[in-house]
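Below, each structure is written out as structure tokens.
Two complexes follow with chain A in common, the first pairing it with chain B and the second with chain C.
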Partner chain A sequence: MSSLAATVQKIFDEPGCPTNGSKSEAERKQGCTKQLQPGSAAGGCAFDGAKVALQPFTDVAHLVHGPIACEGNSWDSRSAASSGSDLWRTAFTTDLSETDIVFGGEKRLCKAIKEIMDKCDPPAIFVYQTCIPAMIGDDINAVCKAASQRFERPVIPINSPGFVGSKNLGNKLAGEALLDYVIGTQEPDYTTPYDINLIGEYNVSGELWQVKPLLDELGIRILSCISGDGKYREVASSHRARAAMLVCSKSMINVARKMEQRYGIPFFEGAFYGIRDTSEALRQLARLLVERGAPTDLLARTDAVIVREEARAWAAIEPYRQRLKGKKALLITGGVKSWSVVASLQEAGLELVGTSVKKSTSEDKQRIKELMGQDANMIEEMTPREMYNIFKDAKADIMLSGGKSQFVALKAAMPWLDINQERCHAYMGYVGMVKLVEEIDKSLSSPIWVQLRRPAPWEALAKAMQQMQSAAAASACEPALTETARRAREICVCNTVDLGTIEDAICAHGLRSVAAVREHTNAVGGCCQRRIEEILASKPSAMRQAAE
Partner chain B sequence: MAIVTAPTKACAINPLKMSQPIGGAFAFMGLRGAMPLLHGSQGCASFALTLFVRHFKEAVPLQTTAMSEVATVLGGYENLEQAILNIYNRTKPKIIGICSTGVTETNGEDVDAYLKLIRRKHPQLTKLPLVYVSTPDFEGAFQDGWEKAVARIVELLVEGPNANGLRDPSKVNVLPGCHLTPGDLDELRMILEDFGLSPSFLPDVAGSLDGHIPAELAPTTVGGISVDEIASMGRAGWTIAIGAQMQRAAEVMQVKTGVPFRVFERLCGLCPNDEFMTFLSDISGRPIPLKYRRQRGQLADAMLDAHFHIGGRKLAIGAEPDLLFDLSGMLHEMGVQVTAAVTTTRSEVIERIKTNEVLIGDLEDLEELAKTRCCDLLITHSHGRQAAARLKIPFYRAGFPMFDRLGAGHQLSVGYRGTRNLIFDIANLVIAHREDNDRPTPDRWRTAARSTQYVRHRDFVRVTERSFT
Partner chain C sequence: MAQSAEHVLDHLELFRGPEYQQMLAKKKIFENSRDPVEVERIKEWTKTAEYREKNFAREALTVNPAKACQPLGAVFASVGFEGTLPFVHGSQGCVAYYRSHLSRHFKEPSSCVSSSMTEDAAVFGGLNNMIDGLANCYSMYKPKMIAVSTTCMAEVIGDDLNAFIKTSKEKGSVPAEFDVPFAHTPAFVGSHVTGYDNALKGILEHFWDGKAGTAPKLERKPNGAINIIGGFDGYTVGNLREIKRILALMGIQHTILADNSEVFDTPTDGEFRMYDGGTTLEDAANAVHAKATISMQQWCTEKTLPFVAEHGQDVVSFNYPVGLSATDDFIMALSRISGKEIPEQLARERGRLVDAIADSSAHVHGKKFAIYGDPDLCYGLAAFLLELGAEPTHVLSTNGNKAWQEKMQLLLASSPFGKGCQAYPGRDLWHMRSLLFTEPVDFLVGNTYGKYLERDTGTPLIRIGFPIFDRHHHHRSPLWGYQGGLNVLVKILDKIFDEIDRKTNVLGKTDYSFDIIR
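Presenting the complex of A and B:
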């Protein structure tokens, strides 16, 4: 067994990673953790990453070996969904105290494992290492080995203490643990030529289940999903799959590549976000399976399903096209999603004013250029202030991003939609894309925005006072100015229609009712109904008669 | 007198407790233009940030010294220095509050010495208050972190009495415990102002996390008590501490400035508020305003209306000591039996909770006790949702975090009005639960024995059941 440092080094030298491939020898040696900036760092630690990657295994007991902070501050915060066991949502931690740190936490860990075995009898326990036990030298590998023998049950050490690096590194360390201790340790009950693995899919809000019916229809069996709605036995026997799809390329590329190396399971990178990408992913899956010996009719069946589903999805999006036409969206997300949803949003009539490429590979960027044109606005790094300014200058109508930047949009009273892991809607597959468009429309057309952007009564009053004062001063010397100022008074606040426009319309067309005014001007006639009535009342009827 | 026990199990399951550093960081969030800084690995701050954002649904400032494995070995001086300079240059804070974590405490870092060095090296920081609190993850809980941070802020930032020792009797310091919401603070502010007093809240999370829309986007806290106002707290006539956890800060204040203090361990319930009102009337020299006389009547009426529904309920409650003491006390006074009580950390008040035994434990303990003792009302923070679903009993969310419901920042429990609302909320929950699960049917008296709600005297019921068959 190699040391943690060696494992980390191996992960950095990932041949399957295009970013790594394009580096020089010297750069590669430095690894790919950006030196974190104290005081301006954001994002989770390696432990966080490992936990996120593995916790969706539903029947496993996830035991965190550390002080209360690591589990107590973070548990039950993911919206991954399970079709069976709820054990994954139970938090287990050794809650290390000062005494444990002085005398070592290994004994407590042993006892904790025993207690879990007695109480829950899980098919496996994953033990997560954290900073403090790593510092004081608790050997969780040895404890897990001893416990596995004693209880004749897999007890897997996940060696990814927070301070070794970023969340992304933690994802990969979790993958290494699976490769070292889990994958290939059991045999499936039976196999079919249609068995696949999904790697790096976490079933957030149950979105995998929006795609699964299509796979079921095609007869494709998900032998193991790593890790969304996964079960220990499935991942342990996942080495018998015929093909694999790497769903979130960044997090578990090492698992996919090493499984190809060790067990000859070919994989491709794909996404179920966006209509075309979903189709593309299904086609690729079918092709890989056929290459590995599945009957060739799978290809034709897949195409038929794709044609049917695409038609359905476009038909469902069609009604929104007119409503969303010309609306500008800003997309701040990572990796695959930076382009995979772009095409579908464009089809739905939205205009993309920018997409973030912070976590994207050069390949991702190429795809963005194909979709958004050569001068696509690719945002490397955007400070909250810059985002805020985009809204303040009305360069975007809606932002799609993760939870952390939500307040930038919301506090500017601008529509925002969560498309990262904390979201509560499922956006995967054909149905998911329709749902996303529906949600965007719902958000954009919400009646709250107009109300929230209205000035508060005291602001409106202060403004009016100011205007009156300056108008009084100006009118003393210039009657024409007074008239202009009078006519510039805003009657319809919602659509900014001034008094002059309304008067002109009344004179020109001889209007008598609010409805008529509404017809001839942009005035809404809602909250400004009274004001328009007053104008109508005050206009001399002679003027109208003249017009008639 | 309750017996306090701590379980001997090695594995905490479904923790009730959260860590000390984030309690400390939370205290700094009630200061204007503040940037809380966790001295530890970046995950410590990231988890805390997510937790606060989910609870308040607000942008929350929180930074980290991003200790890596190597930095941990070499010591964290440079990380701390860089973090402070970075924050100073990028966010222009009015104050930086630094909390240690498990990593740096295990390392034994002497942060106070680091800060001296940093100040000497970077004279531009002379005017920037840097407040450091030692809050190791491996002892205490959220409430302890808050307690220590506030005491430390008082110690460092409040100025001693001025030369002539003049005090302004209309000025009152309020030191609220971490169990009070921004809504509670606003309620208290209004009450004090109605007595003609002008209160300074330390910390004032109502100023920063009440959900207002700031005019400008700021990377630091967008409100709260200013450093200058803290400095002038020594000129107040009185200090009011709310919750036993604030005794320490109030004492520090008194030692430093001579301002007398009074601790109100509870502000939920009729009697505690009678005491509070009497005290305010005393120190302000004004009669209790008519408004509160009416509110007291309304609370009395609410108690009359609700005791039918709440009375006799067997309560299972899990909360931090002061919140536990406050809520269980009020419910006990409504006729509830406090049947299972679990808390996070030691405190002098927990012995006085009106129950037989208080456990320093986790939500698994609470769930077990609730099940074996047939409780029919559960109160704890949002993490109790899984237990509530399994127990199938009405569940009232109280405390931090509350991430699966809206309005956590505005849930009221203080004052006559806050108590009234709380009583209605709990009673309505009980009523709704009964309507949904307990409709009478012609032969329920036969089958009732089998439904979980009515299994109160399980053994007795089983005997009668057997005799029927």
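Presenting the complex of A and C:
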């Protein structure tokens, strides 16, 4: 436990993070993630954070050591896409029972590891610690060490039990485990001057694959992606990369910084969200690689690709810009970087009325200010009720958010678009941006929103009746109004034809029979036959004369 | 793997065995079959636009019709009255068809008799068959009422039901005061929905207008009640129960005319119910006093509704109301006519449907659908799809007429999602096949027969319609009311997600998107 506490402390001392750097010693000890407030709706635990960060390693067996809840409620709930092994999707858990908790779960864990080795023979097993075994003192580090020796295969302890803190902390603890046990333990078959690492990219809905063809075209090789569609061997040999890109700024900054420190791999923070950011990221990658000795023509080739792709994307977005112009959006994101999405949406012609910055660094916030102006509405924390109010007051036309807040928007009958982990569309890269704009447009143009915002018709009717009563006096002296009301009476209920329409037809064509009326209007003349006969009979002679 | 007594295989598996496969292969040799290459060529040709043109130019031939004949509708309506035995005057084979058609759909026995006309009867008229038939079924099955309709055979020779029934009564087949309403239901006119209309009108006419001259006409003393006519509907069990629940919630006094929701869903408790539930004959007669009559399906009541209106009632008709707006209109009409408030319970049910639509409409939005079925059902489903932002690209109704087409086109024109969508009256499923090949859609909505289209064209079938033979119990859940809207939405969504799963479940190929959360 003490070593875990030390690791956590180490993480809170993060020179790569400007916020952290500006803190006092005491503040820093408290940690960078907000203390969870008992009683408030909480996000995921540190275990969840660690698992989310590492699970996209596809050929690894992920074994959760704990009672059923931790894995049972969460397995296979993120759609990180794999191009190969499916093993990562299989839920392994020790499913601790009462006796294990009394006598300790280490034996059970040993057996579980053996069974996985026997059955699946994976290149590595990640063992995740959770609250309960941590509390009863199961030493997973020791068990993993023994197992690694026995099976001659890496068995990695991920020491991030839920109670140590938030999901974000868990991301970092996962990173520490990689640094301590994985990175640098194997050598790649070969290296090239174009080898890079992507850190904190999870290939949600396969979106990395939307960018990869461009990298391939430029000859840039992703030596290791941590962790989307990643393989154990790749991350183990990732220390040979020439440059790195930190994709999701907060989750794995420790990995990027320490790899720079240990192996001299320079990194930059970037995103593939939005046209400009994608271009910027490609340029940065090329620049870093060239600085590390790649042939300089990479720069020019990169620029050429950027010019081509940007033109293509703009052309695809153009038809939407007009339609989306002036539409107001509210952005509530979790992991996806707020500022880069803000930039993307502005590119599509949308106006941003607010964005959440709960998980953004102060640097992020600065960028948002640059993009949205000084009085940008940055929302630190928003209760569902506040969110609801923003919609009700029609301050926004659409909300883009993660799955959890979707229901708030929907309850307020507002268009909503999922841009978080569980979404089914990939928004990365140039292609992804076009897809996002397309989806926003689709969501805004869905006919259901009008329908949903409309109160039940009987409520609307009750209101109208109230107004009518007060207006009744007015309309009495307003013959035109009374006439309109008279003419609006429905005659043919089957095909909704009103009195006015039928009268006009009678007038215009001098109709004399129901059959004739049927010919000239939509009236069925079935159940409404009598009513039409009455109209024909009661027509003032003046009207008939006019017709003749 | 021949058949063995220990482990009896049915045809699903048995004929996959090598000896049967061999047998079938050998048989082929003697079949003098066509060159498979040529077969393949023609098969492909039937998918082309050229073929479609020829197909649509078809005049005399109907291929795979999506309609049935009038007497089927008449039988369907008749069993909706208390203790009523449908009696179809004509050939017996037809009647066996109606019974099996209804039984296979509802998984319930279907009682219905025929006058079993023979060749003699066809030449000399079926009077004797009527006399004997009425007498026999009256004594054997002890009905409270016998509702007579006709098959083509009786219609072609021109048997006069009114006179025949009178004579039968004189001859003592049934007591003079026994109710024998009738309707001529020539199958060469219209379809089962017309038959429903004729039979229902015949029954109301019988009770309201003096029982074929044997009783005084009823004098209407208006009250506050509302009559409901469901129309020909494969979901009659669920739908009528739902309507009754809504009416009860609103506290509206009502009569369901032709209420067959019980007889097509009898409990299994050891007792055989040849008749169950149904509109009582007293209620059927008293229905004349109602304030208004609501038809849930315009094209099932084209004659009945004007008949009711002539008796001084307000009449309103709907086109199989499914979904939010259509149900709103229905509930509003109930409230307007009855003067009753809409209870909180219904407002909450509405809110739940709204909620469900909001949660999942993104998956339906922009998808293209082809629909076929009875005219009202097509209309109701198309309206709901438009409401969800889907495109009802092809709407086809074999028994839809010109007026239906016009109304359909108006509906399609009323929404941006109806752009480019087309209504096809009088067309059949072979036309639909051409449509699906030349202008493909994402999903097909229709009855069981749609499975051939699904197989041929690969368009996934959402089963909504009549008959549904190859899925069980769908008729028990309503499609009407807010709850019904939810049921339809779920049917559509289930198929959409099944499709996504089906397309992403190829091991090692597409399974990167085989997700548990959709």
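Methods note: the second predicted complex is superposed on the first by the 453 of 548 C-alpha atoms of A that agree within 3 Å, B and C clash if a C-alpha of one lies under 4 Å from a C-alpha of the other, contacts with A are read in each partner's own complex, and residues count from 1 in each chain.
Just so it is clear, contacts are C-beta pairs under 8 Å (C-beta built on N, C-alpha and C of every residue); 3 or more make two chains touch, one makes a residue touch a chain.
Treat the numbers as computed from the prediction; the structure is a model and nothing was measured.
Once the two complexes are overlaid on the shared chain, A:P193 sits clear of chain B and of chain C alike. By the touch criterion defined above, A:G510 reaches neither chain B nor chain C. In the superposed model, A:G500 makes contact with neither chain B nor chain C.
Judged by the touch definition given at the top, the superposed model places A:G206 against chain C, while chain B stays out of reach.
When both complexes are overlaid on chain A, the residue A:S77 reaches chain B and chain C alike. When both complexes are overlaid on chain A, the residue A:I448 reaches chain C alone and has no touch with chain B. In the superposition on chain A, contact of A:P123 is made with neither chain B nor chain C.
Using the contact criterion defined above for the overlaid structures, shared-chain residue A:V524 touches chain C, although it does not reach chain B. Using the contact criterion defined above for the overlaid structures, shared-chain residue A:P457 touches chain C, although it does not reach chain B.
The residues of chain A shared by its contacts with chain B and with chain C are 76-77, 86, 407, 411, 413, 422.
Of all residues in chain C, only 298, 302-303, 305-306, 308-310, 315-317, 324-325, 328-329, 331-332, 335, 342, 347, 350, 354-355, 357-359, 361-362, 365-366, 386-389, 403, 406-407, 410, 415-417, 507-508, 511-513, 515-518 touch chain A in the complex they form.
For chain A in complex with chain C, the touching residues are 76-77, 79, 81-84, 86, 205-206, 407, 410-411, 413, 422, 424, 442-443, 445-448, 451-452, 456-458, 461, 493-495, 522, 524, 526-530. Residues 9-15, 17-19, 21-22, 37, 40-51, 53-54, 58-59, 63-69, 71-72, 79-80, 82-87, 90, 101-103, 106-107, 136-139, 141, 213-214, 217, 219, 383, 385-386, 403 of chain B are the ones that touch chain A when the two sit in their complex.
Put simply, chain A touches chain B in their complex at residues 36-48, 63, 66-77, 86, 89-98, 100-101, 108-116, 119, 131-132, 134-136, 161-167, 384-385, 388, 403-404, 407-408, 411-413, 422.
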